[in-house]
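The next block holds one structure in the form of structure tokens; read it before the comments.
Labels A, B, C and D are assigned to the chains in the order they are written; within every chain, residues are numbered from 1.
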């Protein structure tokens, strides 16, 4: 994985943007992009550089906005970072380029209420069927109350 | 042909853990499958944000009971990187020793589960019996059979003396002979081969499409192993082979995993032979400076990735865990298409599911 | 006289033939693998007559591991109801006794006793096979 | 006098009580041997009895929608068929009853439980039960033909269709095993299929269909089903001992009961070893094995017997 080459092709593809590459500990490199360019950037990574391995998509609540990280890996780590508005966040899906992102996007969708445009199925992945509590990883989330335990009477059952 | 929908799970002898699979079959062919996760979703990522870094080590240990040590290793590695902490050499060596022992334990456990699911109880019994040796070693080192609570931020809390090294070397020899025996059995036992060969096929293209990692990817001839490709801890100083296989079926995965066990025993011997002197841990401050880190390591099932963000307090602002089972689950849809009903059990156990990992 | 004898025979049989059913309602796998370990050569509980059954209809003792999650609660109750009487519930491991480390999780309801009447608690994280055997033997001694 | 001795033969030895005791003992030996071969200790001697009593004393529930009458009748029919078959199979040279042609009746009665097993799956509405039932029927077609063909071998060889006479004939000449080793092997494989034991436990494969047709059965009915299976094991093994291993005869002057027991245990040991040594086959693999390998072999076997006999 050649970070300079990747950065160069990103600059060529998005001449209007001022792109920088920053480093995180343990061999990870980060490029920040606006949300509407992520799909095109991933396409460049997959098609030009053959980077197919998306480790995961991390989503987090940064108070004023939501942040998404696309963690790629091919010998070295490369992370695409983007931010989304707090209200009604929408971002195009990358599942058409990387089918392996299906579950990652579903998870981010249910945990942070981010809509992935074009995703085939955004049903809850981990949360229960009748979940009514909102997105658990948003900061304003409150754990919904537990309605009382089921009264299975042992004597009656026996 | 009428279509019948068979529910597999959440309570099913095939899966120790609840995972709901709805398999639609036509005759004895599977035509469609649906999956429902979340039966063991405990919300660990959210719980992490409410607990301190030290408490989280214990929580991370319980992401998964089978590969508990590798989760704490990845987590501690990340926090140590945030702190800029230099972990003593001896601590790193002991940490890695347990990682490799855990790989042996996990792979043998998997072989047993696979054998049980295809009605070969004898291999199940013997694989789990030999696995006890690995558990014994880990118990003698840490006091715990499955959860070890070995890692602390800044090193490990255990140490071993010369007598223990000697004893562990002896147990490793024993383990080696037994693994070789098992390899011989699965290579020569015809019914085992008949049930596993050409079942659950994954091509290298599919592995790349679904971002599958670990032994499943390696058994499909995708040569990837974080221990070699992105060495963490002390793996750059150790000499080992990355096992790959070209077949891409459950049989190949069995061979890959067992050969990896052999490699792991070799790694353990190297570690014990070059164990440096000195302390095993350093003191870590309670608060972690603001920053972000991505920590990766190779669990028995493949790549584990942790993303940790600190905002300078004693509690992390975000911990993201991605375990290797999640992509493997995605690849199951393709593997299950058009298989025989009886092969569902082999396919499902073939990828080494760990739902507790996937659900968190 | 005859009645007493049959009663004693039945009690003896129940003590000697406890068939278990395992349900994981949200465990981390640690207790589960230790439970399966009970069946393997080192612990071999078949010598106590314990068989791991797959169908709730055949089982006498329901072994629960892990805290109860919202998603698995209904299933847990259904399995309990499918079991024929007399039946017992054992909660295995700290999480299933109280919720353990997962207490406060947004999908976790707490211990098994929030949902089912529990006869015996076996703590430990994960509980060792020896503890499980000891617990099961104590449960069998309670059978009247 | 004859009435009492006949009643004794019918009820005690070699009748029902003996069959019951033998069934439980064989189950214990089988489980014990398997456990020892797998490096375990295995259950205590009273285990099958305790299981039986416990199940008899358990609540008997059926899912709504299941046919209650049929569910109660099927295990009885199966058990009755196996017990009746047991009457015609001599134990150590003593059968409760015999006539010319009882081999055919025994074979017929022994196939009844398989059909009842299939029906049991069909009437209890669960998905696993139905799949298990279908599988048991498929399996039935795969093993039954080679099993029957293998057992005609001894009959043709001895020139009689009575099991008691086949035993007599063998004591005069030699064991059928030495003349038809292939037939014995086929019969053994067929018996494993008939008893639905590992590695041919396809209809009740735990990891695939829970407990197959018996998934929804509990309490008394389950106990009777288990007993049926155990008795079928005993009768099947005795049948093989009588037709292939020369019954009680051993040439030397050993007590006949002793000789018979040893032979029966050896066959049981072979069955246990088979379940330890092999992985479960898939249903299509079994059908292939049955029709592509076992049936042609059985045909060769019969041709050989007729050629040698004629």
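As a convention for this text, a contact is a pair of C-beta atoms (placed from the backbone, for glycine too) under 8 Å apart; a residue touches a chain by one contact, two chains touch by 3 or more.
From a predicted model like this one, the values you see are computed outputs, not experimental measurements.
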Selected pair, greater C-beta contact count between B-C and B-D: B-C
Farthest chain relative to chain B (centres taken as mean CA coordinates): D
Whole-Å gap separating chain B and chain D, where each centre is the average of the chain's CA atoms: 44
Between chain B and chain C, centroid-to-centroid distance (C-alpha), Å: 27
Mean-CA-position distance for chain C and chain A (Å): 39
Centre-to-centre distance between chain D and chain A (centres being mean Cα positions), rounded to whole Å: 60
Residues of chain C touching at least two other chains: 40-41, 54, 69, 71, 85-86, 104, 106-107
Touching two or more other chains - residue numbers and ranges from chain D: 38-40, 206, 210
Where chain B touches two or more other chains at once, by residue number: 12-13, 38, 41, 43, 46, 125-126, 129
Chain contact topology (line, ring, star, complete or other): other
Touching residues (chain side chain B, partner chain C) in the complex: 10-13, 16-18, 38-44, 46-47, 50, 58-59, 62-66, 68, 109, 112, 124-126, 128-129, 132, 145-147, 354, 356-357
Parts of chain C lying in touch with chain A, wherever the complex brings them together: 69-71, 73, 77, 80-81, 85-87, 104, 106-107, 109-110, 113-117
Complex contact set, residues of chain A against chain B: 24-28, 52-56, 58, 60, 69, 71, 73, 75-77, 79, 98-104, 111, 124-128, 136-137, 141
In the complex, chain B residues that touch chain A: 37-38, 41, 43, 45-46, 77-78, 81-82, 208-213, 224, 229-230, 232, 291-296, 303, 305, 307, 309, 317-318, 320, 322, 326-327, 329-330, 359-360
Complex contacts: residues of chain D adjacent to chain C: 31, 35, 38-44, 46-47, 49-54, 57-61, 206, 210-211, 214-219, 222
